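Common to both upcoming complexes is subunit A, partnered first by subunit B, then by subunit C.
Moving on, here comes the complex of A and B:
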């Protein structure tokens, strides 16, 4: 007992900055939860959900070096699970007015948390089905198969009228309002990813990314490692999707068009493929940025009728941004580094030394 | 469901399958050629197809050019677009990790889709009609749109030309060399960049012809029209054995036939039409990961 206390004490001593930072973050969320308006609340919630999904995408694409483009599909599974199982039984006949809900499902209502976790597991189950043929092959096939899967899921959800209400979608999902749901789960996912990456599994992920042949020679099972990353990623994405449904209060197949996946791709590329902290920063920057750039879609943005500003420009800017990052800043914000205290201190020092050097060289120039 | 199917309707479906399959084959060749050389899934290929459709639409409906002029301009512009994309988005990443290249390809695809939505609006535009092509003719109880016959003829003519280029000309030899061994080809004095540019130009040109024929059959042009055909044609290339031109043709035909016949035999599954390709993909990857014609063929491009 004493021993654990000691090690806990030692841990706190070593990581006190991180602990203080976490406490500050929690207090910050608490304060924000009390005071922000509903618009900002929605944005923050969305940012947290994007963090969850982008982080889980980074687990496969950044840390394990595979290329999955199924995020929209896995989100759809999680979102629909929450939608189907949490809508109050009494409201269902009004929502499913074209065709009644399948009798098997019609009377089952689950608590939100249970539906959320169920969505995660269902999405992981589907990931297993896709992964078992594709992960045995080279990475390219995974990209096309996952992209195809997210299209199929959309087609299936559009056609299964009695389960998903087809193209009409499901409305009146009980919504979450406080920031704690999304931020709480995002924190859990962040910590889980952090622990995972620094465990032996995480090292196996990275070894597969760096060199498959060498990893295999060292006794890492390629298929198992890739599958583990893929399943965990799908699980978290499913949960992210469930939160998304509960945030919006309505789901329909069009929301999960594969271009949704490209948002997350932009986030992980911008943040750095293989950096947890980079992904978190980029999730917030991209989500808030997409809102901030909304004026691009409005013809009267600056009080003048400029023909350049019309719907669609915002997405052009975003896809252009993705290209610029890929072509010129391939490593993104953080590369494969993490925003640790040492990283910040080193950055600070290098910037400082650069300035002092400049000053020194300027002086040197004067003296000549 | 099958009861109502007579021999003549079955033949009719076969012709439909052949024409759809030839269209897929034309687009799939572009994927397979690029993959053969750069080992890259050119995600933008479907959107190059879409841009070709818009070029033709603008040529005929907006600038009122005669159709043959429009077609030539469309094909040339699309070839230029394909080679230009390679120059701008792929060439700077030659030495970069493959993931960056793949992301760049997705970025180009995303950019083209958004640009098209922004410039031409997301609303579908009606492609000018070609009554000669679409008025059904009756042959022995079959009603056939002439375009359904023209498509396979044009497609197979172009494929023969392509195979000639690949097998008998100097640039074709260079393509084969680059696809077999990139580095050695470079050492042997082959101008890799030129070979890659011409590969993109040829693939895009075929996609442009595919787009023209596609729009005669399905006369509607919209910014996202290239996405699903693009995905399917990549799958067609995988089915046939990626990197192999004949394989792409075979895969395209298999896909076209299975799609049309599934809808014909099981009308209740019409909604799942677009899912067929992906199911075939999963099956192929399970049992024949190298595709039907696999890697034994020397005709890699």
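Moving on, here comes the complex of A and C:
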């Protein structure tokens, strides 16, 4: 007893900055939840959901080094599970007006949390089916199979009229409004990923990424390790997809084109393949940045009526900024580093010393 | 050098972002201005449709820039043809630009995504060409100026049964397109009811958006030998479908919905789409109302080199005009007052016909235009009126 108390005390002493930071983040979310308007709320919610999905994608692509492109498909499974099971039973006949809902499902309504978790498990289950043949192989097979899978899922959902309402999509999904759902789950996922990466499992993931032969020689089971990462990733993505459905209030198959996956690929490449904090930063930068640049779409942004200020310009500028980032930060904003206290202090010191050096050399130049 | 350049670019990024955050808020809170939000897909897959609707809204705004002695300012937001973006665009119009009402969007699914936001913020919205019944269903703040899929399906079923005298119909639907699936379903219901023959639909073929080869579907259809083929769907795929049908020797009439009425349909289909028949919202050679004549004249003045006026542009015009009418009757720019006025719109004379808003928030229209492709042009054929 005394021992655990001591170790807890020691842990707190060692990581007090992190604990204080987490508490501040929680207070920040609480304040934001009270005061932020619905536009900002929506953006923050979207950023948090993108964090969840991008982080789970990074777990496979960044940390384990397996190239998976199935994110849109796994999200679709989670999103449709939430949509099918949380829409109030009374509204279903008006939504499924082309063909009535399958009688097996028509009267089942689950609480949001249960549907969310069920969505996670279903998508992990599907991931198991895809992973078991593909992860035994080396090379690009996983990318091909997962890309194919996410297209197949979309076409299945388009054609199962009595379950998913086909191309018409499902609307009237009870929406989530508070920031706690998305940020709470995002925090859980971040902490889970952090603990996972720093555990023996995480070390196994990284060893597979660095060198499969060496890892195997050290007794790491390649298939099991890849499968673990893939299943956890699919589970979190399914949950992210469920939140996405509950945020938008409607789902339809066209939302889950494979281009959705590239959003997340963009985020993890920008943030750094193999960096949790980089992924979080990039999720927020990409989501908020696209909105912040919206003024470029409006005419007369600077009091002048320039014909280039028309819808679409912000995407051009956004792509340009991305190219700049990729040029100067080849490994993404964070590379494989994490935003730890040491990292910040070191960065601060190096910048400071560079400026003092510059000042010193400038002075030296003057005296010459 | 490289470091300082990167620092400079970072600064530029920060500067543009702060400019973006502060820039647009400066023009707010001017009581002499009534702000109307327009959210449309101006980039992405549906950009051409959104652009055409926006032209109609802007034309109406040019002609009637004032209501209640105040200037009407259009705030245009692009939703990138993406659902998540549609919700943020709508939330942005409401929260940041503080609009009194919203017009748009092209595409039912984008409008539906924004539905919950306009409902919870109590801001009235008018869908311009979104024909899916679910857009206004259960949402007191969403209205629309166009007719619905059930109505359009009924119109074409009537045309096929009464005018063409068809007994057997084959359907080809674009299964990934909500619009096409809905229309096919309502056509089926209506046609089986009209003909009293439960097996009047002899075959149903499905294809996906982007498909190029329809020979499989068409061979099946040819074997059933229908009197008419009903093929609602995207214009490119439909034009290819008709081309391939003619190449296979299928000679029966092929009919479809309003999405066909684009120049691409004729350029892709060429001589093969001659005789293709479709229902649509508006005919520029024969405007049904005085307002329609004004609209056509003004449109031709603004775009003298365009051949025909797209129906969605006329609907954009009508949406704006109906909103102005409601603001006039409400006597204020208060969103709730506008909503109540919109809900009681009766016999409003729009460019596409006389509009009365029913309890669902839908425009009660009882007639649709039927057009045919003749000599490479969309030509007026008939006006089908359905008495419910």
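Rule of thumb we're sticking to: the second predicted complex is superposed on the first by the 332 of 368 C-alpha atoms of A that agree within 3 Å, B and C clash if a C-alpha of one lies under 4 Å from a C-alpha of the other, contacts with A are read in each partner's own complex, and residues count from 1 in each chain.
FYI, a residue touches a chain if its C-beta (ideal position, glycine included) is under 8 Å from a C-beta of that chain, and two chains touch if they have at least 3 such contacts.
Just so you know, these numbers come straight off a predicted model, no measurement behind them.
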Which of subunit B and subunit C A:37 touches, first, second, both or neither: second
Partner chain in contact with A:289 - subunit B first, subunit C second, else both or neither: second
Partner chain(s) touched by A:46 [first = subunit B, second = subunit C, both, neither]: second
Touched partner set for A:155, first subunit B, second subunit C, both or neither: both
First, second, both or neither for A:250, with subunit B first and subunit C second: second
Touching partner for A:184 - first (subunit B), second (subunit C), both, neither: neither
Touching partner for A:171 - first (subunit B), second (subunit C), both, neither: second
Touching partner for A:97 - first (subunit B), second (subunit C), both, neither: second
Which superposed partner A:298 touches (first subunit B, second subunit C, both, neither): second
Doubly contacted subunit A residues - partners subunit C and subunit B: 155, 158-159, 311-312, 315
For the subunit A and subunit B complex, residues of the former touching the latter: 61, 65, 67, 69, 130, 133-134, 136-137, 139-141, 143-145, 147-149, 151-152, 155-156, 158-159, 258-259, 262, 265, 269, 273, 310-313, 315-316, 318-320, 322-323, 326-327, 330
Subunit B - residues contacting subunit A, complex: 39, 41, 89, 92-93, 96, 98-100, 102-104, 106-108, 110-111, 113-115, 117-118, 121-122, 227-228, 231, 234-235, 238, 271-272, 274-275, 277-279, 281-282, 285-286, 289
List of subunit A residues in touch with subunit C within their complex: 37-40, 42-43, 46, 91, 94-95, 97-98, 155, 158-159, 166-169, 171-172, 175, 244, 247-250, 252-255, 289, 291-298, 301, 311-312, 315, 317, 321, 324, 328
Partner subunit A, residues of subunit C touching it in the complex: 2, 6, 9, 13, 16-17, 19-21, 23-24, 42-43, 76-78, 80, 82-84, 87-88, 91-92, 94-96, 109, 112-113, 115-117, 120-121, 132-134, 137-138, 175-178, 180-182, 185, 206, 208
